[in-house]
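Next up: some structures, all given as structure tokens.
One chain, chain A, appears in both complexes that follow, with chain B as partner in the first and chain C in the second.
On to the complex of A and B.
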């Protein structure tokens, strides 16, 4: 009995050891960024590795004094949040129609929506630039919201649709005989039932949006619409050369909103990523 | 409370015929069971009554009103589904409340009606739970409460007990029947389980391949089957159907020789229920194929020629396999079916 308990205790130690190592591997890039971000510039590029770098706020001070980094972060968060909201407003009804209504060309329309994602974004860069100039939206976060939403709409629609396909048809039949209209069914039955899928889609869209660079660079020309991803580019050239510790710090700051988002919705996310995959 | 009339309704999916030219009158307050093997069109028929499917042809009349063009949500019909179909994000209380909200019933009435419905299905203490935290039987009771709460004109139940274990099924069956008698609501109940059909129904409609085979009370269906399909479908174990030929008042098949009415001639099928067979005598000369004691009765399978005949024997009957055995049929309870499967009635 004692031996068995001991072996169980050992296996628990082993389990924590393995999980702990894995967590460390996952966290390493983030720790690495932090370590670069908070060391002096002279210790960033050295031929010999430095195991205990000097702690320094050089990069932080540079960011705070020379760049409106808080504004960039705000722009990123607003543009991403807005785009995700637009995506959900448009994608949920579209996904429902594609999942449930029987109409001519349904599969073709579904595929067309997905195919917009297959195009190389650079192809539409110039027309989009002119379009936004015409609308007077250049260098605004409204333009960023629209463009991020457009980029992710197809993906969000498809993810949500696949979750909706897994909801038993009986639920809708029951709601209908209970006296609910189509919109009521969507709002009260379908959306709550595929909430994990909606959250999963929203997180994926947010990650794509916050990392978007090409169109942001095209549309933003001042701090009005500069986001974290474009701000990064500020440190890669110019008279000061590549400022690696500032880049590391900006990257880390850009990662924080997504980290917070994922921690907030973690419970639904882990359920969401598996639920859609398994039928039944 | 309402009667239901189906007039020549049909449902076709492309070339496939789900239900063909079906007419049926269901009386007010009646408990009607649609019984048949899977794919026989019983669920489709029910879904057409609910308004979840449109009939390809014919009329559906509920309470004197043609409802073909009335949407499911505006027909005053409550349905209980095989998979319960409880809304997973709502508590049991909210589930039961949903139809009241959707139908614009004043909020002040909700609580009393919900508690009354929950009381009726003995679910009072589970109102705060989510469906996921309920057992199968509790979920089914919650689904029943949700149907009961709005006091509809018609109940539709689509195999509501098929996901429950045998013991629970029996107690739920009694509960459903009691509830229907109490509420006096016209009920259509779909099942493939003949015991459910026999125990619950005022009348049974037996369906096969989209068509009605027979409509009648459980007694009529059991003791007066219209054709060999009904005869073979009802009863457990089912009726023995022995193919043979009849000539000069005698039915003959390998190992079987039974007197029959003179009107029965040619290739016919003899039907006899296991409980109308007696061990001894010589209508059948065969060998014991197997003996299955169940406690209150022993089932004996006799091999006559290549045909296995089921016999309900006395509870203490025992025999070794392959021993010779004779069987007598109750001459008053023999059924003869023609080549088309229809019953050959005496004097007809």
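On to the complex of A and C.
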């Protein structure tokens, strides 16, 4: 008995040693990067790194005066929100069909939807670029909205489908014997019952949309359609080199809302990230 | 009332297809159209507005193009090492974490790298490795190296920087899924084995890990798909340097299309990558999701 308790104590030390070290691996670069955001530019790139910099709001002043950061933020928010709304409108009926109806080709259609997630952005980048140019959509947030919606549609559909599968059929049967139509059942019973799934799908889709880089880089060529993610890559300020302290600050401006969203759906995150394959 | 709502059998049959139609049309427009366009464009030499028919000329060139094969190889090497490392680390962490009563409270710390914009993460590591010389300084402090390391000067060091950035950002993805999978398992089996005197590592290896397998396959497959499309880190950190040793497939297509304006050539590369994707999707991914479901 004593031996067993001892081995448990040792394993606890090892456990917290391992987990603690990885927590540091996660946190230290983030904290260090945060410190980059609040130091003067002269202390960013130096012959030897400076670990205890002087505090400065240089980066903030630069953002406010020289960079249309409010515009980038607005672009990000509009494009991301719009894309999530498109996704939900398209995905909820599709997920309902996949979860509740028996029809020919269901497996294949479901897999086709899933497989669009596998397509590398680079594969479709050239054709999409030409398509949007023809439609006059280059350099607009509409183009970003459409492309983000396309990227996330498979994910959103599969996540919502997984939550719909969990809803007991009896709920609908009762409504059906009362004469409710299929669409009314979807609207009044299914959607409220899988609200956590819908919210999780929306949050994960929003994160992927905020992060999207390649398409945004190609579609947005001026500040009209720059999002936070791509605006970052353009903080190179030409001959001045890369303006790291401004980059750091912007990345935290995007990080904080994402962190809050993720904390809200934490419980559902693993299920959402695997498109419903893991029920955790 | 009820009889009025009853639909004809034809509509009944068509109903699920009608529900699926908007999403399907959207996805077809965004995948099938570009696919066909890429196939068509790949048959031409495109110089701005001039399209000159070349038939399979682009494909003939590309299959002899050492840069194309290098990009394919780099994607496999960088992606393969990166995926193996993050799977191993995530599994180790999950082993220590999943029975921990406190993990729900502090797992958000482990998730943080994943919540940074990928372009920001690329800048973090570009600064840490190259411009800010922090990693070199830390290694010097440990006495491992003398002087600054030129991370972008050697093939393997440049690849290493990409691998570190990817592992740092995406190990959390696998970690959170592994933990959820392990916690979702029937605890009684483990407890029974424990009472029989088995040690935790043994229980994990012989009982928990085999049960986790289907979930692991799904998670690693998803991560694998994303790794093969690696672009942002290459774009920000190395731009393919040195000498194309870190150029991935995505970056190759981007460079051919949007830097060299060889759109026909880029489209041919896209088509080849698309074929590869479809083959992998039809074999590996289909199986992964089938086993994950059951």
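Basically, the second predicted complex is superposed on the first by the 213 of 280 C-alpha atoms of A that agree within 3 Å, B and C clash if a C-alpha of one lies under 4 Å from a C-alpha of the other, contacts with A are read in each partner's own complex, and residues count from 1 in each chain.
The rule is simple: a contact is a pair of C-beta atoms (placed from the backbone, for glycine too) under 8 Å apart; a residue touches a chain by one contact, two chains touch by 3 or more.
What you are looking at is a predicted structure, and each value in this text was computed from that prediction instead of being measured.
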Contacts of A:187 with chain B and chain C, given as first, second, both or neither: neither
Partner, of chain C and chain B, that touches more residues belonging to chain A: C
Partner chain in contact with A:171 - chain B first, chain C second, else both or neither: first
Which superposed partner A:22 touches (first chain B, second chain C, both, neither): second
Which superposed partner A:48 touches (first chain B, second chain C, both, neither): second
Which of chain B and chain C A:32 touches, first, second, both or neither: second
Shared chain A surface residues [contacts with chain B and with chain C]: 179, 181
Of chain A, residues touching chain B in the complex: 168, 170-171, 173-181, 184, 188-189, 192-193, 195
In the complex with chain C, residue positions of chain A that touch it: 11, 14-15, 18-19, 22-23, 25-27, 29-30, 32-33, 36, 44-49, 89-91, 93-94, 96-98, 101, 103, 106, 109, 111-131, 146-147, 149-150, 153-154, 157, 179, 181-182, 207, 210-211, 213-214, 217-218, 228-230, 232-233, 242, 244, 247-248, 250-251, 254-255, 258-259, 262-263, 266, 269-271, 273-275, 277-280
Chain B to chain A touching residues, read off their complex: 47, 50-52, 71-75, 77-79, 81-83, 85, 87-90, 98-99, 102-103, 146, 150, 156
Of all residues in chain C, those that touch chain A in their complex: 1-2, 5, 13, 15-17, 19-20, 22-24, 26-27, 30-31, 33-35, 37-38, 41, 89, 92-93, 96-97, 100, 106-113, 115-120, 123-128, 131-134, 137, 168, 172-173, 176-177, 179-181, 183-184, 200, 215, 218-219, 222, 225, 228-229, 231-232, 235-236, 249-251, 253-254, 257-258, 263, 266-267, 270, 273-274, 277-278, 280-281, 285-286, 289, 292-293
